[in-house]
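The structure appears below as structure tokens.
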């Protein structure tokens, strides 16, 4: 019998739906199915009712965009938002965890296919056949012939894929045991705790899915055996092979029917039980996480939400959270990726982003008589998240003060989370409550007082802000008084820290030499407020930002560049809504252009270096390539650290941590990072954030690597590579073609053009900005507003692993 | 218990202090003023006393002090029950004038306890707490590091600190004046949003002062910045070089084996 | 009304304090200029007069209520003595007692007060005081009007030697009216916590200030102290933060030290601190702020970052 005749024999090419299950059995089945559905709907309704207690999250447009406008956004490249495409591709699950992602993909689509299969059966059997029988007197069905065979082969394959995927995930959990799946808390609560139920819930989930799949196949196997191998059933290959196997094992067809009936019931009951179980368990993530991803937006971390518009400051009750935050808590699958990447957790702080989310989830559950069954922590006493007292501030009681203060806001958790949880903004919301009650480190309090009084965390006079310029032999333009192309927002550390002032001067000299038309705000600049906001001192942030916005509006410039990635973040992403909307660059973007175009003529350094991506530059603002372009242009051999690009590891200074005591940490994040770099056998640890210079210089010393590993700002590398001015002319002639790309008029050696001290750079005819600055806009490859090559190309793909090839030297 | 905390705004020492052209005083025009740090301690201790029992805290400032409103709003934000700006204090009154004016106003306030900073950086003619105590004929204790309810009603226990780490505890009958050196805990933080709330609520009361009649009896001849007479010889070079010089200096005195 | 200069004697544990000698020394000079005598008001047992050889007259009030310092008792006794003796000038140390009584005496005795004095001179009949205000940033030269005055003098401003004469002053006993009506009483005395080490009796001190930043940075400097075999001391902010015990505090409200070498790290040099260590024989200061006042009194200074410098010294000392 060949396939053709099988396909033509259409009426017999099908399978019975309720084979051997008679009226009572069917009735029981339908009653149970209805009960399971009702239970499911009840659980889901309870969940939704909880989310509806939350505030508006302002994510309606995000969801619409993820569904309709940009349904494939973020599938290939790293994006702020997610989309149906991302969910369908499981892109966030497989990012940096390919095997897990593929396995999950198989389970995900396997079950979707099986679910669709069940829906099709329902349509055919319970709707079409039933209605036609009642209306026409005879049944009409489409579940036979070609349709049935196609259906069979697809569901068999998808079922097999799900079994294999699930098997891998089970093996991973049971045998491979990646550290992030260890649920041990970052800090034990007094009195102890147990997460055994969580583990039980996980295994119930795995085995539940597994048994549903296996019994489904068993049903098929014993049916085919019982029917004595109808030839067309080769289109159910797994069932066919299984049936052959039980035949080979000696099971007769007659017995097989009984076994089939048994498994049919087991399968049916398991499946119905599972459906009912979904909203009460970890399986909820099947429903919650898709929605959570659709509503996910990293820009809500880059530009933090305003405090909750409630009477009290700081979260106290469920209604203070947004529905997105409440959904975040339920979305967590405890995968532990955030736990693994968190610098605070790695440093021995009590913070683990996973613990934070699970604790908040449990607290919300406790307050709302939640419906979660197994996915709960147990404690001998009802403390912290288990406490039934709803009238206490969450910050400090549910989540400990130190836990909240441990966050560096590096955003690694948000980046790593496969289900779109936004930990950082929730932490800041809770911190706002701590600030309001003054519950903070004395050193932080001092810094905030200094910021309030002097506009800088150093407590130095605001009038001393531009003192670092004293060591220059030219005067930096005052953008308050004269027009400049670029306003340099220098920042606190680059202005006041003695160790960093020389860096700032070096950058000023380089830009001056390259003829860049730039100025500063002098004493009218204040701390940009990025870290103040992340500390949770919203009022002070507003004070500082409004001062800066006024100063910016009164100054004369076109675009801004910053030294500090933290300043860059707030200027770029948070100032626009306060009335200051400018193009904001990082100085590395400017330097990259200047060294590539030859405006800063450099000779190869041939240094072997590694580069540390600042969180606020790489992860927050996707400026990843610019510093690497500089290093290439300088002929440096770049050896990447394992954690690089958007996956960088925090130095520990962000989110105001630089103002707080870190003596309770077992190993500072910066030391962890230096050890990572020390493995690479490089001589230079290159950074592009002023805070990094101080953090890593200290860490290199405390880890004893300061001899072998030099911490250097990238500015210093450019300065070291600059050709001696006297040689510039000669070099241009000698190298000829290689330098042809350099600006057309390399003749006036940059230092010679403005006579030192005598005439201000602005007064000369040739000095203002030459032809360097304008193309910086046109050519600049990393336009922060548009979809730029920097974002789309370098985004998800981390910079090349292993040594980057140094650019070819000059001929 | 009613606690009054007189507060003073003083030049921010972070700033460079400029003198008037004739050198007779400091140039207040461009100077930044901040709350006297000891007054901040005094307010904190007052709030701690309030939190420990039943007390009303009233922060008081003089309109002669630039930006005193800021300090008063901050006091309200931190938990003071009332803030009063006393008007008509004139131009930059000295300690004696302050004591006289405050004593006049305090006369009918029924304060049980006046807590203020032990000193301020510019009290050339002496410190406020003893001057106020003497003016009002009240017992007064300065250099205090804690105030707690006394064993008997109408008394407080204060801890007075001496050099060398010695201290004593005194039982003081109220009403009294206390000059605070340091509160039992660091002054709390006043979140800017709360201060702004207070400003929007406009919670500062005003009350007139009777001008001071007496004088301090001091006549300033001149003011000047101390010349750096004996400036240190600066050691420069790499950390290693500087370390070498320091070790050399010490070993020359036989303090380290070099 | 006399031309005498009166000093209020402070004593701790049967010993007259150094600051008293500093005042007596200055009083000798001023009394000479005014044409008067040096009177020392001694409250408590008269036998302490033996230690006051630098005075011409010791005015003793030996009342049981004056055995310990109780501010109101001292104030009343002092007012009484001033009324009896009518000196030209009263000198108080600008420490707790001076801060407690100075301005009150000024109001009650109706005499001008010059606070934070670091210099005192008689120009004819006029007393000219140099006062250190605004955290030591400004010096004010003031005249006191009238024929009587009070001055509170910053510790260490004058030498002790001129006040430690070996004369035998006349002891005048004054009895004071009943002090039973005072509104305060001493309930408890706390001696300085017997620290692990006595920082006043060592040859060398390594001292840290606010510039240290955080507690764990203390380890860096602690290592240096250990390798030099000397104790660690600190300025007030470090003590207030609870990072070191009170027994390690150098300064006005802590201990006065006179080691042969004083290494100051991250100490900016507030007047209160300088008061406690300025008489060290060798002061080496490390502070990244080149404007820090500590450099005014240090013999050697450096702006090298202490986290670079300290390990380098440790290496040399150990190596």
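Should a chain be cited, it is by its letter among A, B and C, assigned in written order, with residues numbered from 1 in that chain.
Assume contacts are C-beta pairs under 8 Å (C-beta built on N, C-alpha and C of every residue); 3 or more make two chains touch, one makes a residue touch a chain.
Remember, it's a predicted structure, so these values are computed and weren't measured experimentally.
The chain pair with more C-beta contacts between its two chains, of B-C and A-B, is B-C. Each chain gets a centre from its C-alpha atoms; the one nearest the centre of all protein C-alpha atoms is A. The geometric centre of chain A is 60 Å away from that of chain C, both derived from CA atoms. In whole angstrom, the spacing between the mean C-alpha positions of chain B and chain C is 20.
Look at where the CA atoms of chain A average out and do the same for chain B: the two points lie 49 Å apart.
Counting partners per residue, chain C has 303, 305, 308, 311 as the residues that reach two or more other chains.
Annotation for chain B: residues 186 touch two or more other chains.
Residue positions of chain A touching 2 or more other chains: 442. Here chain A touches chain B in the complex through residues 307, 313, 435-436, 438, 440, 442, 445, 448-449, 452-454, 459-461, 463, 537-540, 542-543, going by the rule given at the top. On chain B, the positions that touch chain C within their shared complex are 11, 13, 17, 19, 26, 95-96, 99, 118-119, 121-131, 133-135, 139-143, 157, 159-173, 176, 179, 181-182, 186, 215-226, 228-236, 238-240, 242-247, 249-250, 253, 255-256. On chain B, the positions that touch chain A within their shared complex are 12, 14-16, 32, 34, 186, 188-196. Chain C meets chain B in the complex at residues 12, 68-72, 95-96, 99-108, 111-116, 128, 131-146, 149-150, 152, 155, 182-193, 203-204, 228, 240, 246-247, 249, 252-256, 260-261, 263, 281-285, 290, 294-305, 308-309, 311-313, 315-317. Chain A meets chain C in the complex at residues 442-443, 498-499, 661-663, 698, 701.
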